[in-house]
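My questions all concern the structure below.
Order of writing sets the chain letters: A, B, C, D and E. Residues in each chain are counted from 1.
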Amino acid sequence: MTVSSSSPRGDMLMMLGMIVAIVFGPIILAPFGAGYPDLMQKFAIYGIFAIGFNILFGLTGYLSFGHAAFLGVGSYSAVWMFKLLSMNVIPALILAILISGLFALVIGFITLRRSGIYFAILTLAFAQMSYNLAYSVLTPITNGETGLQLLLDDPRILDAPLASGDLPLANLFGLQMNSTYETSFLGMTLYFNAGYYLCGVILLVAFYFAMRIFRSPLGMMLKAIKSNQNRLNYTGVNTRPYTLTAFVISGIYAGLAGGLLACTDPLAGAERMQWTASGEVVLMTILGGAGTLLGPIIGAGAIKYFENIFSAFNESELNAVFSFLPDGLREAVVSVASTFVGEGWQLTLGVLFMLIVIFLPGGLLEGVRRILSLFNRPPGGGMEERSARVKSAA
Amino acid sequence: MTASSDVAGSAAVDPRARRPAGSAYFSCKDVHSYYGESYIVQGVDFDIAEGEIVALLGRNGAGKTSTLRTIARTDVPELRQGEIWLDGRPLHTMKAYEAAGEGVGLVPEDRRIIQGLTVAENLQLAQIAPPVGWSIERIYELFPRLGERRNQEGTTLSGGEQQMLAIGRTLARDIKLLLLDEPYEGLAPVIVQEIERTLEQIKAIGITTVIVEQNAIAALRLADRAIILDTGRVAFDGTAQEVLDNAELRQEYLAI
Amino acid sequence: MDAILLQILNGLDKSSAYAMIALGLTLIFGTLGVVNFAHGALFMLGAFCAVTVHRLLSLDIVTLSATEKTAWGTPMEIRTPYAEAWFGDFGTWLIDWSVPVSILVAIPFMLLFGVLMERGLIRHFYKRPHAEQILVTFGLAIVLQEIIKSWFGANPIPQPAPEALRGMIDFGAAIGLEAGNVVYPAWRFIYFLFAMGVIGIVFAFLRYTTFGMVVRAGMADRETVGLLGINIDRRFTITFGAAAAIAGLAGVMYTPILSPDYHLGMDFLVLSFVVVVVGGMGSLPGAVAAGFLLGILQSFASMNEVKSLLPGIDQIIIYLVAVVILLTRPRGLMGRKGVMET
Amino acid sequence: MGILNVSSINMHFGGLQALNNVNLDVRQGTVHAIIGPNGAGKSTLLNCFVGRLTPDTGVVDFDGISLIGLKPHEINQAGVSRVFQTPEIFGDLSLLENVMIPAFAKRDGSYRQNLWAPLRGESKIRERAMAALADVKMADKAGMIANTLSRGDKRRLELAMGLVQEPKLLLLDEPTAGMARADTNATIALLKEISATGLTMVIIEHDMHVVFSLAERITVLAQGTVIAEDEPAKIKGHPKVQEAYLGGTHS
Amino acid sequence: YTNEPKGGTVTLGFNVPQSGAYADEGADELRAYQLAVEHLNGEGDGGLLNTFSSKALKGNGVLGKKVAYVTGDTQTKSDAARASAKRMIEKDGAVMVTGGSSSGVAVAVQSLCQDMGVIFMAGLTHSNDTTGKDKRANGFRHFFNAYMSGAALAPVLKANYGTDRKAYHLTADYTWGWTQEESIAASTEAIGWTTVKKVRTPLGAGDFSQYITPVLNSGADVLILNHYGRDMVNSLTQAVQFGLRDKMVNGKKFEVVVPLYSRLMAQGAGEAVKGIFGSTNWHWTLQDEASKAFVKSFGQKYGFPPSQAAQTCYAQALLYADAAERAGTFDPCGIVKALEGFEFDGLGNGPTLYRAEDHQCFKKVLVVKGKENPESKFDLLEVVDEVPAEQVMYAPDHPMFAGGELGTCNSGA
């Protein structure tokens, strides 16, 4: 994506596409079995996380292997805000942003002294330290392995006391995050959930921000850092503030995502900070297409879809799916298929990773592009079909 | 290295004896190559006789480097059509290391000194795979500068010193076809003269050479023949003298 | 004093594992420039070579008991290993020594695996961005580990050391301290010696041949090395195979220390990357030194005296040291300039 | 006193004395050439000006400020731009972006103002970048990715990147190496034109045609030592220079 | 209420670890659940429906509805477990979620079920907190806990190792480890032992040797390993490797104790478990009618005996179904009422009480020892003692369990 290849019209279409995709998310996702609130929320939240990560990695090429630390910090901050102040999500998100931003500033300031693999390992080290400490020594703040949760006797200074025995629910000025309007449509149940729409709106804003950054001089500078940092220095640019900005912005995105995780499900666990979680966002970004605007969202969706939907298949469901086959054949098919779903879902994910990189360098978005180019559509349009196709590819 | 003392007018000994009648010592037959989708070398076609020195000229971006690289069988640009023969051997079926084993030696335009290796190691590296040519000591004799700097990391050499190393590295192999991509670039006039003398020596030994050079006059002084490329095609093929005499040609393609 | 000696000894075996894994990894990562997230999985595969050999050696002849029944009513199975049935005492010895014996299987298997992996997959990724290398090798790691899981289950599978080597060595007594205070399991010491041997062989090979130089050169500039007539692809394949074999050997011999399970590789993966980077990219001695440094420091940090001073230090020490080293020495302990800095 | 004042620079690499008590005085608005054999220390000297290397001893004063110890970007901000001997470009960006980046850096260098405004809105910067590309006759290639340029074209791009900054002092390290003769002539003309606007230039070249067409003063370095400094005409006839550098047959 | 079953089926959510260190345990749990579903729906040999003291279940489903189920992978991570449970509740309409193999996950999913208004029947979770400070009205635990382990083990340890012992604890550094350390230390101190040192080890450390060597010279003569799963396998094997069990300290033979045993893990530790004491919730060699019946139907279906995790999960599924049947509704509040204070027998653990105050089951606890001469790879533990429920009973406000509130049942909507 060079400056010259982006057009205001294309961007507008892309934005419009996002809006349509988010508004009609429940309808689009329902046929894939992904149209229930929790997974839709996760799509949006991890989309935000991945977009943010991509601002650092996709633009500057600095590969952080510790971004999960910011996600975790965001979650903890938000839950603490719920516990101490109010169940309203706004203060929780604000604190998540502030604390994760601060955390990113400090860690970025230190780690950005190095580049390449040295930087990656430094960020990994910080995140692993955070994780290990959160798991054990910092238990008073993090509640260790169990994770920080709401308790009946939390102070919640601003909130009115509740009927005894009821745990409070996260809300936006009274609109509860878990309130869902269910309706039936073509035999599918559609869920219109408040938490999802909150995440969706924030995803939109996050996406818009990211797009502005991509199209701004800042974005160009960041790309130049990736291309030839040395040269940039001799061109009169002090690159540190730029990389630090990118780092902090992406840290804030991660913190915001962490905060939203807490808003939709008020529990913050340490494993959110583990290296595997940092690795996951790296994989999401690359899988979707690093350095592109839409890629990371698609990658996040694909991975979460596998984790939640593929792991849920069990033999009895497979038998139902293949019931049209004759018995002997069905058993054979089911036993083959069952190595790839249910407890084998990670195998499928591994295979998917390999296939994508081997055959679609540039990620899933590249695949979408290729398919679109078959139909010869203008780029940027046809968003619903896009995400739909990715789903069917997944 | 064939230590024959035959010089340029090698017609005296018929070099074609070893090859099927009618085919040249070296020939490019309708060579087309691509960088991905961009079509750069668009049907280059020429022959070179054994021991001949050919100057390959043309504007920036004419495809000189691309042609040399195609001959040396580097991965890019990719040869998609055409044949390249050296001394009866089909280079077009080979990979770069196999072509090098057949005696193709390319001195690349950006020198490509290997990072992390000393001067001496850069030279040693050239002698790992056969055929081995000049001894390393002999190269130090030719370029005393390199001898003095033998334990310095190759990439910290000055631009000119790197050029010497790149040429030296190629001479360390026993080559049949020497491809020089802008060998004078960045060299001080004294050194240019030195390298010119070296090339005269190489010419005297009878190594077939293709030289790409912006300094056309210098190249033509050395060369027997000149080929001018323009947008990936041969625009002129004749003796060096013809180019020097033809002001119009020079003006059009070389601006000299 | 005793305690410190003990912890140094204690750091040795773990350090040896780190060092050997890091050695192979740095060949692939620091030399070939491939971010190999499947390296832990190679270690794990090695360990499962030992498991497989043990299983094969103790393959049973199953006969159904006529009288006894299981708790759920089917006839009880009576099992005798083929090895014992066929070879008698030698068979028993073979089963007992199955871990060292499996080295003979692991070397060719891991070499072959490494070669196939390089030819079939890694080769196409030398020129691709690191990110894509991560994705593909991580995918491969998951696939390998899931395959192992579906064959061997998720539980750890114990692999005892040979009976003769299960004892303890009393180092304290050997240097005149009170007997029984500074002791160390024999097998762990053997592991350390084994690691030194492997490391020594690799170093000698690279030192006294031009192989190392060529591979380094090929990493810096494949094309130019090719222009000098060297078939760099073949050397890369060999290097990769060797790295895989080293990881596999480290895994085989480690099984009596740590019962292998399918997740073993992932546990070592991150640490081995840290070790390699702390050692400095492109430096083999660096990787080995860092392996020992971090392993022994980790041992020390777990001492009660240290832990009571700095709670939780044992859990973060490796990362903390990594941060300190990377901040004070830009390229780790012995890194070369320009390797993986962008 | 000139705009660039360099005195008693010493620099060594290991046992090699790369620069030996070098003094240089470049006057405002002139073109000053540095010539000398390969490995004489010319590029090293330039590296000392732009902060890539720090000399062991010596003073580099530019326009009243000392450059020693400043970071590369600070030196550039002070008005010194450099064109590299081996092209250093932003390989995976377009030519236009390659030139816009130095243009931005010039405008503020500081980081504050570049954050947000859409790039498309930056028409002034874009125009300047296009003009610089046009100066080196590459305007038609503005959308190409820099890595796909031929080598000669990369050098011209380098030149454009230096020019667009409109620096006070432009350091040129072999700007015409590898350029076709026609382009070399065009470059000479271009540099002459720019020099006429009062820009100071230091140029390293091995192409004597270029040197003698442009330079108003020439310093000759050999083995890290200044062996001569004078007007072009005198340098040509200087016996030491003849021997160490030009060789017998030239010009 | 949430997810009231509408058609002819009722959906249960089986949320077990399918990846990660406990995958095998999870697989066994899932087998047990599938067996339970068969039995509830009247397929197979009926299993424990025949021995269960409550006769409400008829093998015709529950409340006339056929039992269907959905499965999910907890990955032994709170986040993943909650996501998986949410899917079951939101998308698949599960009225009850059950399973799991670690306390962190149990607590996390339990509180989720409370918030969303479904019933949670915990699987394998041994931390005091699950029914202690993190107890919830919608959650129930059939499995025993750390306190009970301590209470059951202490007399056996006293009988075998005497009253004058010095214990050294190695403890997995997270909530379950801590509660077990606290419980065991308290109960061993009560029989006169002293606690020399309590050392926390990072979860998943792999090699524990650096924590074991200090034990050698610490003066302790008993090592207590508060580890579970892989950690236990590794720390135990390594303790044996370092010759601890051949050591004589203070004139006594050095001993190792593993308070929480599981057969699956004992398999992983191999030889090392021989002669080592611990406690367990249930073991397949028990000879009561219910246990025999369960082993039989499980063994016939799968070819090997069930683990304690399988048994607890099977029991939980039946208990839930029975409660629904007795309450006449799937409404969580109805179920809670039916389970609170429920006394039953015939599920393999003898007479059992689901205590109303904290939703913890009280039943006998098994003290086991690693078998010296196992007959098969499943026959690794021998039951030394079946400690009656009274002996492991504690007051609901016991300090180790204090701090939380049960709250009130939540039926959603």
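The criterion applied here is as follows: a residue touches a chain if its C-beta (ideal position, glycine included) is under 8 Å from a C-beta of that chain, and two chains touch if they have at least 3 such contacts.
Quick caveat, the model's predicted, so the values are computed rather than measured.
> Which neighbours do chain C and chain D have in common?
A, B
> What are the mutual neighbours of chain A and chain C in this structure?
E
> Farthest chain from chain D, going by the mean of C-alpha atoms per chain?
In terms of C-alpha centroids, the chain at the greatest distance from chain D is E.
> Chain A to chain B: how many Å between their CA centres?
Going by mean C-alpha positions, chain A sits 54 Å from chain B.
> What's the distance between the Cα centroids of chain B and chain E, rounded to whole Å?
Roughly 77 Å separates the two chain centres.
> So how far apart, in whole Å, are chain B and chain C when each is placed at the average of its C-alpha atoms?
48
> CA centre of chain A versus CA centre of chain E: separation in Å?
Distance between chain centres, rounded to whole Å: 34 Å.
> Two or more other chains touching the same residue: where does that happen in chain C?
Correct list: 315.
> In chain D, which residues are in touch with two or more of the other chains?
As it turns out, chain D has no residue touching two or more other chains.
> Considering every pair of chains, which are in touch?
The set of touching chain pairs is A-C, A-D, A-E, B-C, B-D, C-E.
> For a test of understanding, state which residues of chain C touch chain E in their complex under the given definition.
2-3, 6-7, 9-11, 13-14, 70-74, 76-77, 149, 153-158, 160, 166-168, 180-181, 183, 185, 187-188, 256-259, 261, 263, 267, 298-299, 302-304, 307, 314-315
> So in the complex, which bits of chain C are touching chain B?
Touching chain B: residues 210, 213-214, 216-217, 220-221, 223-232, 282, 336-339 of chain C.
> Under the definition above, what is the set of chain A residues touching chain E in their complex?
Where chain A meets chain E, its residues are 33, 36-39, 42, 132, 135-136, 139, 144-147, 149-153, 164-167, 169, 178, 180, 191, 261, 265, 267, 269, 271-272, 307-308, 311-312, 314, 316-317, 342-343, 345-346.
> Spell out the part of chain B that touches chain D in their complex, as residue ranges.
35, 38, 59-61, 65, 109-110, 145, 152, 156-161, 163-164, 182, 185-193, 214-216, 254-256
> Okay, in this complex, where on chain A does chain D touch?
Within the complex, chain A touches chain D at residues 2-4, 8, 212, 215-221, 223-224, 226-228, 230-239, 241-242, 245.
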